[in-house]
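Shared chain: chain A. Partners: chain B in the first complex, chain C in the second.
== the complex of A and B ==
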């Protein structure tokens, strides 16, 4: 009995760790335990209703994805004749041919590699650029510091669309359109406001005493940055890296504008799939496999590093 | 392939190395200056790369776009046309339709994601499989909007009546002998737009839920217990204690969702490309740019989008300043 009561508390405590702000406010465990019996006193009908509601929501949210997954393994001839749910009953007809097809003939394999080539440098560069700026905003005194940071916060919401035409023109003049370098640079620029904001919030909230005693001992800013700020901010860097990686991997607009128009060989998966949707209305069997391929990496990242991902979202939006 | 791999490797290792050498090198160079000058110059050297990128990719092009929106379509030698592009925007039925759709997106997406996010956060807080439920709701946020669009293409698929339905929703309707409904091809009552918004709700509810849930767990249970001891029922506890305490969090979530709704592009581009009365501002801009080649009008559309976001930007900055005052 005791174990049954305690378990939800453990889950709740585990969930709380992502946001360091909330952890401070976390209630002492005994109070939580004391609350539970009171809840279980509520009528059994209400509990049942609660479980039904949560289960229903879970089903509604997962069914679309399962539909795609099942469809991607069905033969193309059956896809247009019956719904994916019929495949769940015998006789089972599953095949890998959609995946083989999409990888070999539709250039999806190439697009997958392109996505990686685009996403990894476009994650690494802004991380470093933002780290130095965030440190300067946190631990250096200079006139106009607060104003400048407010400008960065303001830039957070500037829509990409307002920047496309002038940048495209410059890239065209420099012969950069269609090259990976164009998207690396663009994603660095577009990702920086959030990166600086998130890192400065984290680095700025590190204990002041640590830095002050380091400076008294004669440490320079360079030493303080590499020996104190960076090692202490690893969780923030991890959250930011995941974010930026997923943002770039999932991006369509930037790739479409700076690469798509001049060099379709370098298109990432998102743009290749969007082209596939527009060019073949009935090519369902290809579409399902392609879409699932593009989801595979984000899903792995998501399940492996969910905690950092959530921390990044909560830290970026709320903690401030 | 090989050369691309090498370039990527060079960038991944080279750029951080260059930045580190830059910081280290400038520290050496300003070392010859006096302490006072060092302290004045150093912050700007550390900020320079970031300011460079922000200036080049966000500030400068935004100003250029604003200027360009007062010029004509000819790309090489654009002429000044005054407010003609804006006049076009606010008189053409397609642009106004896009504007109306964006308003629908803002209202519905915000209402449903925040509402559902709150509801789900409160519900899963009381069950033991909370983390599993949260992962499932949250999962769509990790995938691209393009992949989400493909997923929902399968949900909304429509086959003429009498033939077996392959779309999940029409399959369900068939069970109760209703439908089929051409979800994405019906402009009446803007059904197609609402169908697209539903995709957005599916994607973004997880975002609202995670943030609200974190705030929910930050509320001191003693406070809730005190209310219960005073005789409040669960309903009253929620609306009188929990909900007001979540206020600031809900505002933050809502502003983020509003910005997302304003910038909506991928879902529309992939699923309908603006047909069947589903056009939105962001997609309209891309069309003006690449289908009609009118950079003047495209710039004007982008500026309208920017102007719509300015109040939210102001709100964000005010909230940020209030937060800083607390620190």
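== the complex of A and C ==
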């Protein structure tokens, strides 16, 4: 994937030098030809180093996941006797019983739905609010704009844990505890500073002249936001959506605090998985299967949106 | 279509002392092609952006037609602008780019399609209507930006160096296209460029700016033949005019042992003894070394139709004078010893202290 994305850029950069220079400045051409092999050798070496580093990081990160996947298919008796890598050699002893066990647990299906019901609004709401804020911080003039932005970004340093008790008190006063709305609001608040920061940087770096052109063409700020800023910022939205979704999906603390064990019918999958060990004591061998189930959806989300990570769509707006 | 008037318009950027545009007075006639030209930092783009409403007017007023637009929002000024970097909407097709204004104005779909098609036909963009800007060449993008302006049928076109991102050949071709398109549409146009050749070839009139101050505004012919000061003289024309600082004594300007006589009015206008003599490359006659100012040819630039000789006069080896031999004369060669005589009709005289042209 990386290679495919990178290659056209490299070719374009190489094309530009001869086409712009050759017509006017004929003499430098032979010099450039002479230099080419050395430069490409150096860049090839640099690229090799880069590939090695990326591969190493990938291996380090993927091995535990593979271990988890393999373990989840091993019978409990073997799990406690030998390491997961021994299962990769014959004779094979794989079983589906762990998954059958987890799926048959009381409330696991419901917990999965709860997780979705929490994660989707808790991703969409902060994204919307942050997009409006980011546009205003980028393209609207108002007094105190920079100060306000600094304050919002400054909130990034506030540890989430210090807010738990005061906010829980407020939610209790409003009668929100135990309800999904409480978790949505909490995650919106926790996610906003980073979301505003990231989106402002992206929207603010869109070409100014495109917006000026739109204003001259008769666009209001609302039109410029929906017709220009949003479609041109899709990669940033996608990246942010993945971050926020994964954060909420994997969150146990916030859900546990604001929903509480007393409202267990509303608890998400993370809480249900944590309970797996508690209620069954020695059932820890089920964890690998449960953990892999909870990873499945984020993986799908990531692969669905990952092309936006690498592909920008701003190409062609200004000269090029 | 309308007149445009700058009335003592001034722009001072926050945090700076000197104005970017300083009390600009300029009247642009209905249907006129006005070029604002100047080096970078001269305030030409700022002046254009003030007219567009993208830059505040700190003092003075701006009128489009009979309407005072000084405090009017850009979208309500009925102008169209072509940006230097084209500023196309990257996620929209060519057709959507051109029709953006009409869509915002909620015109009927059929009308939008009709007008976009007309504009596209005018600019040879019909085959590309469904493409996105990323898949267009530089020249095509430039034409889309033009199309976006044309389709609006505005009162005024504003163009901010629209050709500076094209390669040299395409620039010359597009230059004439834009000029003839403007004549055909008859829309008042304000065109900003730093390229004096563009200014000379395109403009009905050209306004030369420097450091935010308007130097001279007139037809290209007058700017070339009667530049109002040393700056305009040096800026207009390529290669530029030879400007030689000298002094006045007994009845005339002294130049390499010769005396160029001054009229009484010229003498009265002088503030000091310093006079700058301006002669364009084509204003010299090449004679034998003992007749004119003796000089040595250093380099000859052969351009095919023209040739330019860079010569060093013997009286000052650090100076270079550019000479274009006229077609009747033989082109000198590198190392030749020649004599130079300025043709009397080609001599421009300026006061060195103030830079102002002496009256003829």
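As a convention for this text, the second predicted complex is superposed on the first by the 219 of 320 C-alpha atoms of A that agree within 3 Å, B and C clash if a C-alpha of one lies under 4 Å from a C-alpha of the other, contacts with A are read in each partner's own complex, and residues count from 1 in each chain.
Methods note: a contact is a pair of C-beta atoms (placed from the backbone, for glycine too) under 8 Å apart; a residue touches a chain by one contact, two chains touch by 3 or more.
Because the structure is predicted, anything quoted here is derived from the model rather than measured.
When the two complexes are overlaid on their common chain A, residue A:232 makes contact with chain C while staying clear of chain B. In the superposition on chain A, no contact is made by A:172 with either chain B or chain C.
Touch criterion met: A:219 reaches chain C, while chain B stays clear of it.
Of the two partner chains placed by the overlay, only chain B lies in contact with A:145; chain C stays clear of it. When chain A is checked against chain B and against chain C, the one touching more of its residues turns out to be B. After overlaying the two complexes on the shared chain, residue contacts for A:210 are found with chain C alone; chain B is out of touch.
Note: residues 220, 313-314, 317-318, 320 of chain A belong to the chain B contact set and to the chain C contact set alike, using the contact criterion stated above. Residue ranges of chain A in contact with chain C, taken from their complex: 20, 23-24, 207, 209-210, 212-220, 223, 227-228, 231-232, 313-320. For chain C in complex with chain A, the touching residues are 52-54, 73-75, 77, 79-81, 83-91, 100-101, 104-105, 132-136, 138, 141, 148, 152, 165, 167-168. Taken together, the chain B residues at the contact with chain A in this complex read 1, 4-5, 7-8, 11-12, 15-16, 19-20, 23-24, 27, 39-40, 42-44, 46-47, 49-51, 53-54, 56-62, 64-66, 68, 120, 123-140, 142-147, 149-155, 164-168, 171, 202, 205, 207, 210-211, 213-215, 217-222, 225, 228, 234, 249, 252-253, 256, 259, 262-263, 265-266, 269-271, 273, 282, 285-286, 289-290, 295, 298-299, 301-303, 305-306, 309, 312-313, 316-317, 319-321, 323-324, 327.
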